[in-house]
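Given below, in the form of structure tokens, are the structures.
The following pair of complexes shares a single chain, chain A, combined with chain B in the former and chain C in the latter.
So, the complex of A and B:
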């Protein structure tokens, strides 16, 4: 493999990693944009999505890519329950309450998953395991092309939902001005539930893609991706969906580039270095606006 | 509103309760009173977190050992009385902070007489200061970095290492590469013995992984081996995505790749190398990977791989330990429905060593038990030891094991690979062979 080939290969692995981050961070941003809450337990929804995908796959043998729908629907339900029972009662009571609540949720979800599924790591084999597709100078496993395509489809669907549907427009209105939205008759509590459910569904999609890409998983996998998702939304701009997408891509590529050039131990550190640099130069993040 | 607040309060209490459930279940045998006729053995294992698979095997193996000792009447003390082994587990949560908490609790709350276990050198070394401070005899059966007993910043005289160190098995594996794989690759290429063997390393960036890296480098230099390290890549503990490092390794055209990784890292690394990167080479893994879950996760991608080992769930060398190993696996399977791994086997040994040392000392006095461990000379239990004897070296209190190398072959019926011993000659059941798909490296 020549130098160009290696460069493109690293770029591609960055793109793949970016897909997982984008879905997770977009969901987090959707929730933050509408409700302005900080949920550190967001990575646990990725973990639950991963387990739902694996469980349905082991029980039915259905193509795991199709299970993404089951996983997303299940997490919409779980997210709605969590929003209604946990976050709504403390909405507006201070960030400290949100932080402690979400830390409590991390323990509940991690230990709950360990009790249900055990805490040994697991893995799933994709039905397209071993199939590679020539892509220019690269030979790329089919699974990663499907993952990139699925991520793009989910983001396009989200874009259309937010732009073209009444509920999507109500979500955007609530995100821009909550009081104003209430004044024009939007049921913001209903919008909160929908936003939280959708955010969780995007995390579930990330969990499914994590599983089908052959990465191992256990109840504790969500913590680090959640921290990175927070980094991405701060990097991209709080509440900005395009910011989350660009930030996620940037994070995936930077991490893999650092692992190649500097060594694997720099993989996590580089994300935070970029974050610090961006915040020093542009405190509102890449796509954030003053006052966000 | 007050019901909602009440609900959140209940939810938080549930979180705390559930968080403690794993530990609660695992510590069900614990006692707070030092009742007579009981020897309290603390077992430090990773019951939760990334290393929980190995930690669970260690804890469960300790239980099988305690059952066997107690069924045989227990341990005879100096006054002729018999004492039963009572195990108390401490979950290190696969973290340094968790290890510190577990060790402190076992020593100060549970007042254990002796400690056994410890997995991950990074985790274990974090609480060695506590062991040194309270002077509790500790038989380390999982953490394999030599720093465990070689470090000089604290007093390690109460710590005994019943586990080959990364120095030992790093050196052993490098010699296997030189004596077996290198000639096979030269044979395949019709190359002369002068052709340097191209070895790559992918290692965990911890004392464990760096220990392997150091051992390989030192062995090559000291023995002037015709092996060149073409790529040395690291990763952080618990990593699951190795594609970038593997891309760099493939670009270096290695003849083989030695992974200094835990099983939850090694299995995805080999799978990603074969499936995603197209790195069709020989993968060598250290002994902690000889674990049933590792075989399951590898599937067909484990074909042709090598594991350095001293206990396997699926094979055993012909010799004095064959029957005892089979009996241990049978007892373990009967109790837990799965097979133990290597760290489980050394922890099983560790409980027997603890019982023997206390029996030899005739008391649970910690200084006397430590001295009994220093003077220990007992027959091997289930792991094959040098001279079939367990004793600790006078310098760093390390026991010496007989090691071997296994090669994995794929069994289509079960969808997993199974190991066969290929080295050394006195233990091997078959010869090492390069797989048909193997591609040698090139300069």
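So, the complex of A and C:
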């Protein structure tokens, strides 16, 4: 009973941690699917989203869950500008350049945020702090339930956007075949901007969830979740959104299990050990296409 | 034309060496000397990273080899009582050995995957250092390490500077020699087109491993030197920042050239220290970030390529583009 309780608790923590990874990994996959680039600075958008949410909350005091919209909209704008100014000029000049460019973005965003907001740890108190809901053998904070539900809603909205709207269809077309999309008259560069903006908005949503769950944050929180989101999309398949969702959940659970069994310090290392082991066995990722 | 450039390179090289040797005499400012030693070490580190990049492999976790070299050198020196002069190379050998191990997992990986694995490896090593290996490594608190030249010797800073200078020059000469040899040709062949390299009889796996080993060795030398210079080491050595600095130096100077890491390190160190005077803290990093991005976009071959770019610009300056202006829509910016 006791063991089962702990197991369920870890499972639920994993589910909640997984939500942040899912949003990040889905955003990355969206960008990768359309533009075939990998932005290692994706986590910085999470951090900026977190700070925007916190700042708006401190200024107005409205329910932080509602601020998710503000922060997502702001990040669509920031993402679009970053895409236009940084990634567009180097598109197609080699994959290493994207990695190096991301390093520059990491420097700028982390330290820019530190200049604006300071580099000390901050936190926000959710209005539902302390309220728990009994769920079977364990009592779950209401915040966690809202976060899981909110993530599900965002993913469903994204799914509908991609399937039903014209822009969504254009995005899917571009990701399937960029040249073909150009031939049928799709402005692929506009699609690039929209995809990048949307990916950043998903990161901002993750940042908001980070903040409202009561986790502390500073300008350097973004790197680790972003790198883990990469691990997830490498394991789940580059460009595969279902892979990102399942991978995100598994990562959250594996990490919290490891933290419980081995101690908190192993939380970060475990995901990389999993990554290395998987890549040794399958160099193209678990579901990646074989060969070049 | 070619002759002229060769001559220019030769004179430039000689001038650089003379300046490097004479610098400590120009000023007896110990702060400056300290800075120069650290800069030379950064040159070794950046060159080590660049050596791996010659094969088209961009590592995001070179701090791991830097740190392993430092820890191994210190621990061997402290535990076995071997003088630091020898343990620099023993520690680096440990780094090279581990480099081969991590290289084995990396040789078949593509750019992003390789970047992820190397990045993760630095974090795994840091975790191991502060958890399982803490009794030996001192955990987060770190341990004291011996100095390269005992501070009791008068003018030890000068001796240290020249020792580091000699090792730097030796490392650069070694890289130059390697790149001139068949091994270097094989590296470039792999970078340009792996399939063709294989068809020409170059075994990419073997040469990538070799590049990993040599790069990790040099990074280990740099790590050991830095720690013997500072006299103390902590797990911060494995930090992300330490992995990103060599990349920034190399990109600014010129990726895939021997002079690139040297020029990049010198220029960026001057900028970095100059900005210190303005009292910026985080702002310095923001500026470095902008420099990095602007270099990648507008000067993809780095500062090394700048004279050539200026020459081309000078020749073309009279001609005006006669192409039609692109049409602008509402989305013109995007």
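Here is the rule we go by: the second predicted complex is superposed on the first by the 274 of 292 C-alpha atoms of A that agree within 3 Å, B and C clash if a C-alpha of one lies under 4 Å from a C-alpha of the other, contacts with A are read in each partner's own complex, and residues count from 1 in each chain.
In this section, a contact is a pair of C-beta atoms (placed from the backbone, for glycine too) under 8 Å apart; a residue touches a chain by one contact, two chains touch by 3 or more.
Note that this is a predicted model, so its numbers are computed, not measured.
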| item | value |
| --- | --- |
| Joint occupancy of chain A by chain B and chain C, clash or fit | clash |
| Partner chain(s) touched by A:40 [first = chain B, second = chain C, both, neither] | second |
| Which of chain B and chain C A:6 touches, first, second, both or neither | first |
| Partner chain(s) touched by A:119 [first = chain B, second = chain C, both, neither] | both |
| Partner chain in contact with A:268 - chain B first, chain C second, else both or neither | both |
| Contacts of A:190 with chain B and chain C, given as first, second, both or neither | second |
| First (chain B), second (chain C), both or neither touched by A:108 | both |
| Which superposed partner A:90 touches (first chain B, second chain C, both, neither) | both |
| Against chain B, colliding segment of chain C, chosen among 43-51, 277-285 or 313-321 | 277-285 |
| Common ground on chain A, meaning residues reached by chain C in one complex and by chain B in the other | 86, 89-90, 100-101, 104-105, 107-108, 111-112, 114-115, 119, 263, 265, 268 |
| Contacting residues of chain C [partner chain A, same complex] | 53, 56, 58, 60, 105, 108-113, 115-117, 119-121, 123-124, 127-128, 130-131, 240, 244, 247-248, 251, 255, 282-286, 288-293, 296-297, 300, 331, 333-334 |
| Chain B-touching residues of chain A, taken from the complex the two chains share | 1, 6, 9-10, 13, 16-17, 85-86, 88-90, 100-101, 104-105, 107-108, 111-112, 114-115, 119-121, 123, 125, 129-130, 132, 139, 141, 144, 214-218, 220-221, 256, 259-260, 263-265, 267-268 |
| Residues of chain A that touch chain C when the two form their complex | 38, 40, 80, 84, 86, 89-90, 93, 95-97, 99-101, 103-108, 110-112, 114-115, 119, 187, 189-190, 193, 223, 227, 230-231, 234, 263, 265-266, 268-269, 271-273, 275-276, 279-280, 283-285 |
| Complex contacts: residues of chain B adjacent to chain A | 1, 4-5, 7-8, 11-12, 14-16, 18-19, 21-22, 48-50, 52-53, 56, 205, 233-236, 239-245, 247-248, 250-251, 264, 267-268, 271-272, 275-276, 278, 293, 297, 299 |
